[in-house]
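One chain, chain A, appears in both complexes that follow, with chain B as partner in the first and chain C in the second.
Up next is the complex of A and B:
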C-alpha cells in the first residue's frame, strides 16, 4: 500500500492546487459554480488525506516493517494502544495528522458557510488550500511517510519510551487541532481583508472555530503539563521550554481575540486590532509547528534537526508580509464605527485584558527566541530560564486574574460609580478577607502568591455573584426553582455563563500554580534501604529496592526496571506507601554490547505520586548504575567471545540480565531520590477542567427548537416596536 | 491493488469537484445566501438584546442606559427583519 499512500498525497497536492485556482477564478469572475467546485476540492482533499492516514495507521497496527516509518517508530513489542498512536510520534506521521485535521476543519467551516459569507469564502478557501498545498508538498517531497524499507527488517526499533503515556494518545491531536483550527479565522480574516467586507460577519461565522481552537489548544497544553509532571521525572508541570511556549503564545493571542471581537460585534470598534490579532495568532500557530520541527531550538518535545526549517520559515515570512500588506492597504476600511464612551466600561477592561495577554505573549516570545537573538547580536548563544519568565509573567498573571474578576461585573459602554460599587463591593470584600486570613496564617512570606489567592477569591466571588443574580432574575421571570432557573439561565446564555466559568476555572488554576510553586518543599537525597529523609512536614523512608526484567508478550526482552518502595509518614503516622521506578530500554546501536545496550538506550521515570486536595507528595528515583558497571562490562565480554546460536544467545542473555536484576535487589547501591511536597497541585488540573467545561458550554450550539422559539418571541416584540415611534 | 485504489480515488475526486460545473442550473440561489446572512445577523442582534436585558436585570445597566440601548438594538433588528421581508418567504 506504499504506492497508494504516496499517490494519495500527490492527489491531495494536485487537488489543492486545483481548488485554489477554481476558488480564485470563481471569486474574480463571479461564477459560483467554480467557487462551489473549489469548495468541493477541499472535501476531496480531506477524504484523500483521510485515506492516506488510514493506510499508514493500518501499517502501524499490523507492524508492516515494509514501511520505513513503522520500522523506526514501532515494533512488535509495542503495545497495540501505542502502535496506534506511534503514527504521530514521527515527524512525517505528525505532519500527515496536521494535514488531515486542517482539511477536516476546512471542510466543516466551508460546508457550514456554503450559503453565507459568499464574497469572503472563496478567498478563505484559497488560503486554507494554500496551507494544504504547503503540508502536502512537504509530505511528497521532503518527509514522506510512505518510504519503503528495503529489505524489510524482522523487527522495528520501537516507540520512544517517553511517549508511552496515555496523555500522548490525545496530547498531539489536541495541539494540532488547536493549531489547525486557528487557520480557519486566519483564512477568513484574509478573505475579509481582500474583499473589504470588514464588519463582524466573518467573526460571527468563524467564532465556533476560534473557540474550538482555544479549547483544543488549551486541552493540549494542560495534557502536556500533566505528562511532564508524571512522566519526565523532574517534578514540575511547566518548564518554559520552547515547545511549551510555542503552544502557549497562540493560545494567549487567541484568548485576547475572543474577548476583543465582542467589542467589534457590539460597537464596530477595534477592527484593525482584531484582524491583526487573528493574523498574528495564525502566524504563531505555524511558528509553533515550525519550532517543534525545525530543530532550531533545543527542546525535549521537539522532533530534532530536520530539513523543514527553510520551507517553514518561507511560509511564516509569506504570512507575516502578506498580513502586513493586507492590513496596511485596508487601513481606511478598518476605522472604528464608534469611540470608547468611558474608561469605566467593559470595553476598557477588555482592552486592558488584551494588552496584558499580548504583553505576556511578547515576553514569552522574547524569552523563547532569546538564544537566537543573542547569537545574532553577540555571536554567543545565551538562554533565559524560568526565573526570567517568572519575573514578568507573574505580575502580568496577577493583572489578568484581577481583570477576569472585573470583566463579568462591569457594564458595557459606561459604568456609573454606584453601579460599580454595587457590583464590586462583595467580591472585593471576599478577596480582602481571604488575603487577611491567609496573611495571618503566614502566607505573607510569599506576597505574589498571597495576592493571587486574594484575587482568585475575588474572581470566584464575582462569578458566584453573577450566577446568583442571574438565577434571581430568571426566577423572577419564570417562577422556577433555583436549580432549574440556573440550568435555564446557562442554557439560554451559554456564551456568557460558559465564559464566566472559564474565568472561575482559570483563577482556580492560577491559585494552584501560585500555591504549588511558592510553598513547595523539595529535596534531592542519597538513601540506602532503611534510611529516612525529611521533606517539609513528611518523613520518607526507603523501605526496599525493586528490580525486574520485563519481556513483551512475544518473549522479547523489553526493559529493566530498578525502583524503590517508600513509606511516607507524618509525625509518626503513616501517610502513604509509594513506588518509584526507573525503566531502562535497550538501545539498538550495533556497537553496544548485549548487556550494556540496556543501560545506554532511553530511560523513563515512573514517578511515585500521592496526590491530594491539599498537597501532592512526588518522588522519583535515579538508581546508581555505576556500581553495576563492572558486571555489565564483564557480561558484554563473555557474550562477545561466545559462539552462540540466536536462540542460545537470547536464553543466556535472559539469564544474565535476571542475575543482574537479582543482584541489584539483593545488594542495592544507594539511590538518589528527588522528593517534592507541593501544595494544591491537584487544583491546577481541577481549574483546567472547570475552564474547559466553561469552554464547552460556550461552544455548544443552542438547540434548534429553543433558538426558533426565542427568535419568534423577539420578532413579535420587535414588530410592536415598529408601530411605536421612538 | 494499489493501482486500482488510486484509479478509484482519482475518479471520485473528479466526480466530486466537477459536479457543480456539470449542473450549473441547480446551484443554490444567491437569494438564499443573502437570507442566511441576514438570519445570522438577526440572531446576533437578538442575542445582544437579551444580553442587555440580562445586564439590566443583574444590576449592571441603569434603567435609562438599558432603555437607550434596547431601543437602538431593536431599531437595528427591525431593519434586519425588514430586509428579510423584502426577500419574500423563506424555506421554513
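Up next is the complex of A and C:
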C-alpha cells in the first residue's frame, strides 16, 4: 500500500508536467485537442491524488503502524473521528490535502469553463498544474506521507491532545479550501494578462470560486479564533500571532478584490487594482501556507530547520516577479475606460475601501515579518506585540465599517447632496443616537469602542433601510405579504442582499470585538476550596475539587482530569455552576517512570465557559499536582522494582492512579484560576455566522429567468471587446 | 481647476498621505519593538528596564509559589541560562525541555516575565498553533 501511494504521487507529478506542456502547446498552436488533453490531465491529477489520499486515510482508520505517519500521529486509543482527521495534523498529510483540494477545484473550474474563456483557459490550466507540480514534487522528494516504519510498532504516539476538538479538525480543510480556491482566479488572471483579454470575462467566470474562497478562508479563520477562545487556556481569540496573521492577509486582499471587481464590471475602472489584488491574494495564500510550516518566524536561526523553506521561497519569489512583469508589460491594456468624476461617488468609496484593506494588510505584513526586517536592517532581531498591531488596525477597522455603510447606497459617478441625505441621514442619526446613549451610560472611557458601536449601529441602520425600501417596492409591484416579498427580493438580487447581510454581520462582529476587548475584566488568583474571588460584577467561588480517570473507547486510560467545580454569583444571586479541568495525557516516552509518565505527557485545559448574550464568563484552572510528586516518585520506584504480569501491572496501576486522584480530591492544594468576564463575545460568533450566511446567499446561483439586466452601454462594449481569432 | 489637474492633485495628496502613514508605521515599529535575546546574550549584556524577547529551553526543576513560577531558561544549544520569574498561569504545553518565548525585564540578578507574554512551542515539528497564556 505504501508503494501504491508513492506511485500515485509520482504519477501525479508526471501527469501535471504533461498537462502543462499539452496546454501550452495547444494554446500556442491553436490546436484544441491538445488543450482538451491538458484539461483531462487535470482531471487525472485529481483522481490520482484522491486515490493517494484514500490510501493514507485507510491506513489511519485501520491504525496501520507500518506507515510512519500513522505511528507518529495516531494510536489505537484515538477515537475514529480523530483518526480520520489526524491525516492532516501532519506536515505531509496536510500538503497532500492541499494538493487534493487544488486538483479538485481546478477540475471543477475547467469543467465549468470547458466551452468558454477558450483563450485564457489553457494558460490558467498551466498555472494550476504548475502549483500541482510544486506540491507533488515536495511530496515525492522532500516530505513523503508514505514513509515506511520498520519494524512497525504495536502502538502509535497518538494525536496531540490539543487538536482533539472538532473545530481544530475542520479548521485546516476550511483554510486550505480557501487558499486553493484563490488559486483559481489567480491562474485565470495570469492567463488573462498573458493573452491580453482584460475585460471582465475572466472575473465573471471565476467569481463563484473567488466567493467560495473568501467564504471558506473566513470560516477557517473564525474557527481558529473560536478554538483559541474555548479550548486554549488563555481566554483570548486573537493574538496577532504570525500563524493567525498569515491566514488573515490573503483574506483582506481577497475582500478588496471582491469589491473592486464590481467597479470594473460596471464602469471598466480599477483594472490594474483588480489584477494586482488577485495576484497579491494568490501570493499571500502561498505565503500563508508556507509560514505555518516553515518555522522562520519563531527565530531566524530556525530557517534551515525545515526542508521546505527554500523551495517555498523560490515559488513565492517566482510568483511575485512573474506577477510584476505581467502587470507592468500589460499596463496599456489595463487602462481605465473612465476616470473618477467625484470624490463623493461609489467608485471613490470603493477605491478608498481598497486602500484601507491594503493598508491593513500592509500593517499586518510589516508587523508579522518585523523580526526578519529588523534583523536585515539593524542586525538585531526585534518583534512588535499586539499593542502595536492594535494601534493601526483599530483606526483602519473603524474606517472600514464606516465605508461599508456608505458604499452600497452612495450614487455612481457623482453623489448629490439630496442623494446623500436620502440614503444616509436616517442611518447617521441612528448611529449618533446610539453613540450618545452609550456615552451617557459610561462607554466614553473607551473612545475607540464607543466609535465602533456608533458606526456599527450606522451600518445596521443603513442595511435595514435598504431592506425596508426593497420590500416596500416589491410589495407595491406584486402585492405580496412582507415575508414573501423579502424572500423574493433576496432571491432576485442575491449578490446585493447577500452583500448587505455580510456587511451587517461584519458590523455585529466588530461590535463584539470592541466590547469584549475594551470592557473585559480579568483576574488570576490562587484559591482554596471555599474561597471566593471577585471578577467585574461577579463572585466566583471554588466549591470543590474534581479528580477523575477517563477511559478511551477501547477501555484503556486516555487521560486524568484534575479540576474544580465553581459557583458564580452576582449580588448574591446564583448565575451559574461551572466546571473546569486540566486533562493530563500519558506520555509514551520510554525513560519515564510507570506512574509519572501519566503526568509528564501533554496537558490540555478544559475551559469552563458560560456564554451569554451580554457577557461570557470564562474560567481555566492550573491545579497544583506538585503535592502529589512524592507519592508519584514512590510509586515509580515500587513499580519498577516489582515483578508483575501485564494484567497484574495494569490492575495495580489502576489502583495506584485511583488512589492518587482520591487523595487530590480529599486534600487539594490551592489551585490557580484564570477568570475572565468578557462582554458580548457571543456577538462575534453570531456576527460571523450572519456574514457567512450572507456569503452563501451571494454565492447561490440565481433562479432561472432572473438574470440581471444588460444595459445598452455594456452590450456595446461587449461588441467592441470581442476579438475574432486570427 | 480642470479635471485632469484635479486628478493629479488628488493622486499626489493620496500618495503623500500613504507615504506619511507608512513612515509613521515604520518608525513606531522600531521604537515599540523588543529585541530577541538568547540567555547567553542576556547574561553578557542587558539594560535595566528594557524589555527583551527571551527564547530558549526550560531547564528541569522549576518551582511554583502561589501564582508565580520560577524557572530557568537555557540556550537552545549551549550552556548559558538565566532565571525568570513569571506571574500567572502557564500555557498548557509548558514543560521542562520545551522551547519558550517570553518578554522579560531585568530586575536585579534575575528577569521578570511580562504577564501574558509566555509562549510555549508545541513539540511537534508541524505546529498547529503556538500556545500563549
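Convention: the second predicted complex is superposed on the first by the 687 of 726 C-alpha atoms of A that agree within 3 Å, B and C clash if a C-alpha of one lies under 4 Å from a C-alpha of the other, contacts with A are read in each partner's own complex, and residues count from 1 in each chain.
Methods note: contacts are C-beta pairs under 8 Å (C-beta built on N, C-alpha and C of every residue); 3 or more make two chains touch, one makes a residue touch a chain.
Values in this document were obtained by computation on a predicted structure and should not be read as measured data.
Visitor: Touch test for A:385: chain B only (first), chain C only (second), both, or neither?
Guide: Only chain C; A:385 stays clear of chain B.
Visitor: If we overlay the two complexes on their shared chain A, which of chain B and chain C does A:22 touch? Say first, second, both or neither.
Guide: A:22 contacts chain B only, not chain C.
Visitor: So, A:446: does it touch chain B (first), chain C (second), both, or neither?
Guide: A:446 contacts neither chain B nor chain C.
Visitor: Applying the document's contact rule, which stretches of chain C touch chain A when the two form their complex?
Guide: Answer in residue numbers: 3, 7, 10, 14, 18, 21-22, 25-26, 28-30, 32-36, 53, 55, 64, 66-67, 87-93, 95, 99, 101, 103, 116-117, 121-122, 124-133.
Visitor: Which residues of chain A touch chain C in their complex?
Guide: Its residues touching chain C are 89-91, 94, 160, 162-163, 168, 224, 228, 232-234, 236, 239, 241, 243, 292-293, 295, 298-299, 306, 339-341, 343, 355, 359, 362-363, 366-367, 370-371, 374, 378, 380-385, 387-388, 391-392, 524-526, 582, 600, 602-605, 620, 622, 624, 626, 672, 674.
Visitor: Taking the complex as given, what residues does chain B use to touch chain A?
Guide: 1-3, 5-6, 9-10, 12-13, 16-21, 24, 27-28, 30, 32-33, 35-37, 40-44, 46-52, 54-55, 57-62, 65, 69, 71, 74-75, 77-78, 81
Visitor: Using the touch definition from the top, list the residues of chain A that touch chain B in their complex.
Guide: Counting only chain A, the residues touching chain B are 1-4, 7-8, 11, 15, 18-19, 22, 32-34, 36-37, 40-41, 43-44, 47-48, 51, 114-118, 200-201, 204-205, 265-266, 409-416, 419, 422-423, 466, 469-470, 473, 476, 492-493, 495-496, 707, 710-711, 714-715, 717-719, 721-722, 726.
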